[in-house]
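Across the two complexes that follow, chain A remains constant while its partner is chain B and subsequently chain C.
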Partner chain A sequence: MYRARRLVICHFWAALLCFAPAIVLGVWQMLMRSPLPAPLDDPNVYYASVTAHGSIMAYVFPTLFAMGFGYAITVTTLARPLKGQVWAWVGFWLCVIGTAMAIVPVAMGRSSVLYTFYPPLIGSPWYYLGIVLVVLGSYCWIALTLVNLRSWKRENPGTPVPLAMFAITATALLWGWTALGATVELVFLILPVALGWTHTINAGLARTLFSWTLHGIVYFWLLPAYIALYTLLPQAAGGRLYSDTMGRIAFILFLVFSLPVGLHHLFMDPEQGSGFKFVQSVLTFMVALPSLLTVFSVAATLEIAGRVRGGRGLFGWIRALPWHEPLVLACGLALVPLGLGGFGGLVNMSYAMNAMVHNTSWVTAHFHLIFAGAVVIVYFAIAYHLWPQLTGRELTSKRLARVQLWLWFWGILITTVPWHITGLMGEPRRMAMFDYAEPFEAKMGFLNTLSVIGGLVMLSSVVLLLYVLVRSSVGATARVPPLTYALAVNPPAQVPALLNGFGLWNAILLALIVLSYGYPIGQFFFLRTHASPGYSLTEEPRR
Partner chain B sequence: MSRRFGPFRLHQHWSLVAVCLVSAVMTLALGLGFLVLPRYGLQTPPRSTWESICGALGFSKEIRKGGAAQPPAQIPSLIAWTESTIREALAGDPTRGAFIAVNCTACHGDTGISTQDWIPTLAGMDKFVIYKQLADYRSGKRVGGVMGAIAEVLSPRDAADVAAYFSSLAGLPKTGGVRAPGDGRSLRQRKPAKRLVFAGDPKRGMAPCASCHGPGGYLIGVPVLATQHQQYLQWQLTAFAQGTRWNDINAPMRFIASQLTAEEIEALALYYAGDLAQSPAASTASHPRPDAPHAASLGAASAGVSAKAP
Partner chain C sequence: MAEAQGTAPAGIVAEPVVVRTETRWLFIMAGMLGIMLAVVVLTGVFQALHPLSHIEIIDPATLHLSGEFVENNLGSAVEPDGVVTVRMIAHQYMFTPQCVTVPVGTLVRFRLTSPDVTHGFIIADTNANAMIVPGFVSEIATRFDRIGAYKMPCHEFCGFGHHGMWAHVVVVPRDQFPKIGPDERMTCVPR
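== the complex of A and B ==
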């Protein structure tokens, strides 16, 4: 793999080694919220645990995974070693050190601020610095992706950028734009208070800046999975990609529309007027467009593969698909949570309906369903797909891999469907515990217990995942065919410059950001708004 | 096979098409969000264009005017934790404070550790707490006999100095911050005091005491209660419950205390004064238990002072 093997596998292992303990924390958190007895039932431990779980799952695991997958795509699609590989290692170690810096104070109970920071809560500065380091590490990856693409384009003028490379560049650019909001919030608002330089923080401004990051980050998690759907799945299914152009347009739309929509996370916040909330609600609906394009494209691609494999009739092609391939199975399973979560998302992004579910466990259910059910399951499949390339050994057992994917699928459904229901019943989120002696809450006891069972199923799935990957990393090496990407039904011989680069799209995105975030952020600088004293979790403000 | 893009030759003007499409979406969104939707409300007559735009930005005449006449606001404290107030409280000079604090020793003890059960120990108390309480006594927001007269002669700077002095002494646990995780701190806890401290009572809308008073939380201007005198705590809770003390900003203490039973108040005071004094959070402090012999308490306190004095 063009000398990037170690680099990619280190990223994957680091991601997985953070992911596994975070799952254990997640199960314990569900136990804590259920009527079942939980060890160490202490709300402070709960919030520390939620902080660790969220920080790892939101910042560390998907970022490291996307970086590793990104490097693999860059070297294999451009068919040459990575330029500036030293910087890739610098980025990797920044992420690893940053993760340790962030998680240690959380484990010590000094930074139970949840991964969304919730100012004026103030935790240990080490936590925030750790997160900033992780972002810096990922910026190394963004820079390397752009540098490598640019040099390749210079040497191959007029040749279409391979779709996978085009898509991972869109992902990198999206993350670059997205991470700015939270990074500015951390560096200019939260860290000065955490370090004791100032003592008050404008929570409204901080929340608005975080909302900048909060939705783009979701699509940053999602896009690597979509890349697999567009470029790895067709081949694994034994067919061709329905449309290369449609793929490019979908990734461009994701880049353009998934950032200036974050105010829908602040629908119930008082610091923003209704006008821009509505504008961003409309823009959020625009994100549905590339999602629907993708669902259409994946379905069409699978149908092509199914018919090529001899499937007949309206639904016969579905049965003809090679479901024994982990990647095909994972993509098929991912479509179920993606569909359910997509409809849930339409509820959340609708200004009026959002009010009914805003602070309930419906929201927790929604993002877990999408992230774990539709994104992480494809990450697993990507790992299975790339593992032979990375280790030079065949995947030990596709059967165990399939069992693992099924366990994960049922686990996430058993966990999140009850949360959706309790959310509609009015169960608040961000709660460490409930009083089940209360008739209002007693009705939810069974559903919350059910979600614990789902969590245990997911935990067993992760154990199985690690077992399969470890077993496939040892033993005799085998000849592994090189990694290739799906051909489209009509492979592009030439594409318009607009679908081969991001110049105009970055400009459009910037314009959209200025239009939709200019006033919501700018108002804090000319209206009289107030800062609140930091609520330090650990100690009094320093001089 | 090379791919042609249909008969429309749209691709030659793709930049223009893209910009036009995005502009159309944005114009539609802005138009609906600022001109159309805010114009019509269920209970208000249609607004003018200017009013719609202002309303969508969050400025509204209706909000500014307010509806029915509001009762006069009861202001619980003249202290608001702005950057300048925090800096003023932080700027206290403990050496100067030590001179001023000579006036306090008769009641609060030589080293800030009160030997009388209804007078609070000040040694180790957070400086923001002392600063705010002195300000409230001065402005009459907290009524407490002799304290009003004493605070009246202290300038804000004096108050900051005294606060700096007492907070530098060894006594109450320094912060409510880090605490060792422990079992039995959820709503399953049967002991009412421990349950209220760590889990609160959602049924009555009561947050856990620990989320502000520690162990485990620190809120500016809120005292750490572990090892404080039981009788004093009980008295203050009762005062909040009866409304004779009302200097808690946003009234959390009046709301909570008024719902506590007399037994709960007693149990809570006992828990903070007693049980928590032995917890890991408080173990670093050399402040003695209230029932410890007087001589031992003086010895322990002075040892603490020599170690921590500025």
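== the complex of A and C ==
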């Protein structure tokens, strides 16, 4: 793989070695919230655990995965070694060191601010610095992606950028823009207080800046999975991608619209007025469009594959698909939570309807359903798909891989369906424990117990994942055919410049950000708002 | 994986067909989103369904010294027009007052603020749901259709005692809601 094997595999293993313990924390957190007895029954540990689980799952795991996948795509689609590979290693180590720096104080109970920070609560500065290092590491990847794309384009004028490369560049750019909000919040608002340089923080401004990151990051998690849907799935299914052009348009729409919508996370906040909440609610509807386009492209792509394989009739082609391929199975399974979660998301973004569910278990259910159910399951399949390339060995075995994917699928459904219901019943999220002697909570006891079972199923799935990947990393090497990407039904000979680069789209995105976030952020500099003193969470926790 | 290599021939679907079907799908989906958006807009405008809608600034350091959030002004108040205003403070790790009484079937306006960190509240089975951010007043209006005791938890992480932060709203029949003067305040905190 053009001398990038070690680089990619190190990213994947680092991502997985963070992911697996974070899953254990997740199961334990569910146990704490359920009526069942939990070991180490301590709410302070719960809040530290949520901080670690969230920081890893939101910032570290998907970022390392996207970086590894991104390097693999860059070298294989451009068919040459990575330029500036030493910087890729710098980025990798920044992420690893940053993760350790962030997690150690959290494990010591000195930064239980949850992964969404919640100023004026203030934790250990090491935690925030660690997160900033992870972001810096990922910026190395963004820069390398752009540098490599640019030099390839210069040497191949007029040739369409391969769709996978185009899409991973959109992903990298999206993350570059998205990470700015939280990074500015960390560097300019939180860290000065955490380090003792200043004593007050404007909670409203901090929350607004965080909302900038809060929705784009979701699409940053999602896009690597979509890249697999567009560029790896058609091959694995034995067909061709329905349309190359629509793929490019979908990724451009994601880049442009997934960022200026973050204010819908602040619908219930008092520091923003209804005008911009409404504007961003409308923009949020726009970002549903590329997902709906993707559903069509994927369905059409799979239908072609199914019919080529001999499927007949209205639905016969579905049965004819090669479901024994882990990638095909994972993508098929992913569509179920994506659909369910998508409709849940329409509720959340609906300006007024959100009042029923804001900050209840419904929201936790929604993003776990999308992230774990639709995104991470495809990450697993991508790992299975790339593993032979990375290790030079066959995957042993595809059957176990399929079992693993099915376990994950059922696990996430059993976990999140009960949360949706308890959320509608009014169960608040982020609480360490409930008093099940109270009638209000007593009626949620069964559902919360059920979700623990789902969590255990997911945990067993992760154990199996690690087993399959480790077993496929040792033993006899085999001849592995090189990684190939889907061809379109009508492969483009030429692509208009607009669909082959990002110059204009970056400019449009910037304009949209200024329009949608300019006033919501700017208001804090002329409205006479008040900053609050920081409230330290690093002192000896009260028992 | 040999069998999985692209076995579909190029051009299996003609380019104009691809473009036509995709364009059709694009318009159908845009139409669907348009209808959903219209529902959101129309309900927002005609049923006055809005989330927290205006910005009201308050100094978290002095709110207990003067103004509407001084201690003896907290609880339920009856406005001249019959609307009930409930004023509460959310702080680590309780609401003050911990229990408020309101009449059934009456417009109740909740006004909350925080002197310390970010909190929030939700009253299950109603649309009362808001973040409480220090420096701002959160106001949300609702109407209780059912008599009974409602739980009102803090739903935003506010520190190590967060899970203990629950208030109660007791909704009583109108005739059991005492007649109180303009300067009197009602709570159901046991004395």
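Operating definition for what follows: the second predicted complex is superposed on the first by the 538 of 543 C-alpha atoms of A that agree within 3 Å, B and C clash if a C-alpha of one lies under 4 Å from a C-alpha of the other, contacts with A are read in each partner's own complex, and residues count from 1 in each chain.
The criterion applied here is as follows: a contact is a pair of C-beta atoms (placed from the backbone, for glycine too) under 8 Å apart; a residue touches a chain by one contact, two chains touch by 3 or more.
Given the structure is predicted, the values throughout are model-derived calculations rather than measurements.
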Report task. Could you look at A:L515 and tell me whether it touches chain B, chain C, both or neither (first, second, both, neither)? Result -> first
Query - Partner chain(s) touched by A:A531 [first = chain B, second = chain C, both, neither] - result: both
Query raised in the report: Of the partners chain B and chain C, which touch A:A300 in the superposed model: first, second, both, neither?
Result: second
Query raised in the report: After lining up the shared chain so the two structures overlap, which partner does A:F276 touch, if you call chain B first and chain C second: first, second, both or neither?
Result: first
Query raised in the report: When the two structures are overlaid on chain A, which partner does A:V474 contact: first (chain B), second (chain C), both, or neither?
Result: neither
Report task. See if chain A has more residues touched by chain B or by chain C, and give me that chain. Result -> C
Query - Partner chain in contact with A:N44 - chain B first, chain C second, else both or neither - result: both
Requested in this report: In the overlay, answer first, second, both or neither for which of chain B and chain C A:R110 touches.
Outcome: first
Report task. Check the residue A:A237 against both partner chains and state whether it touches chain B (first), chain C (second), both, or neither. Result -> second
Query raised in the report: In the superposed arrangement, does A:M433 touch chain B (first), chain C (second), both or neither?
Result: both
Report task. Identify the overlap between the chain B-contacting and the chain C-contacting residues of chain A. Result -> 43-44, 272-274, 277-278, 282, 286, 432-434, 438, 490, 523, 530-533, 535, 537, 541
**Report entry** chain A partner contacts - residues on chain B that touch it in the complex
**Finding:** 1-3, 5, 11, 14-15, 18-19, 22, 25-26, 28-30, 32-34, 37-38, 53, 55-59, 81-83, 86-87, 90, 126-128, 175, 177-179, 181-188, 198-199, 201-203, 208, 210, 216-220
Query - Of chain A, residues touching chain B in the complex - result: 32, 37-45, 108-110, 198-200, 245, 256, 272-279, 282-283, 286, 432-435, 438, 490, 492-494, 496, 498-499, 504-505, 508, 511-512, 515-516, 519, 523, 530-541, 543
Report task. Over in the complex, which chain C residues touch chain A? Could you list them? Result -> 1-8, 10-15, 18-19, 21-22, 25-26, 29-30, 32-33, 36-37, 40, 43-44, 49-61, 92, 116-118, 120, 122-125, 127-139, 151, 153-163
**Report entry** List of chain A residues in touch with chain C within their complex
**Finding:** 43-44, 47, 112, 114, 118-121, 202-204, 207, 234-240, 242-243, 246, 266-274, 277-278, 281-282, 285-286, 288-289, 292-293, 296-297, 300, 304-305, 308-309, 322, 325, 346, 350-356, 358-360, 425-426, 428-434, 438, 440, 481, 484, 486-487, 489-491, 523, 527-533, 535, 537, 541-542
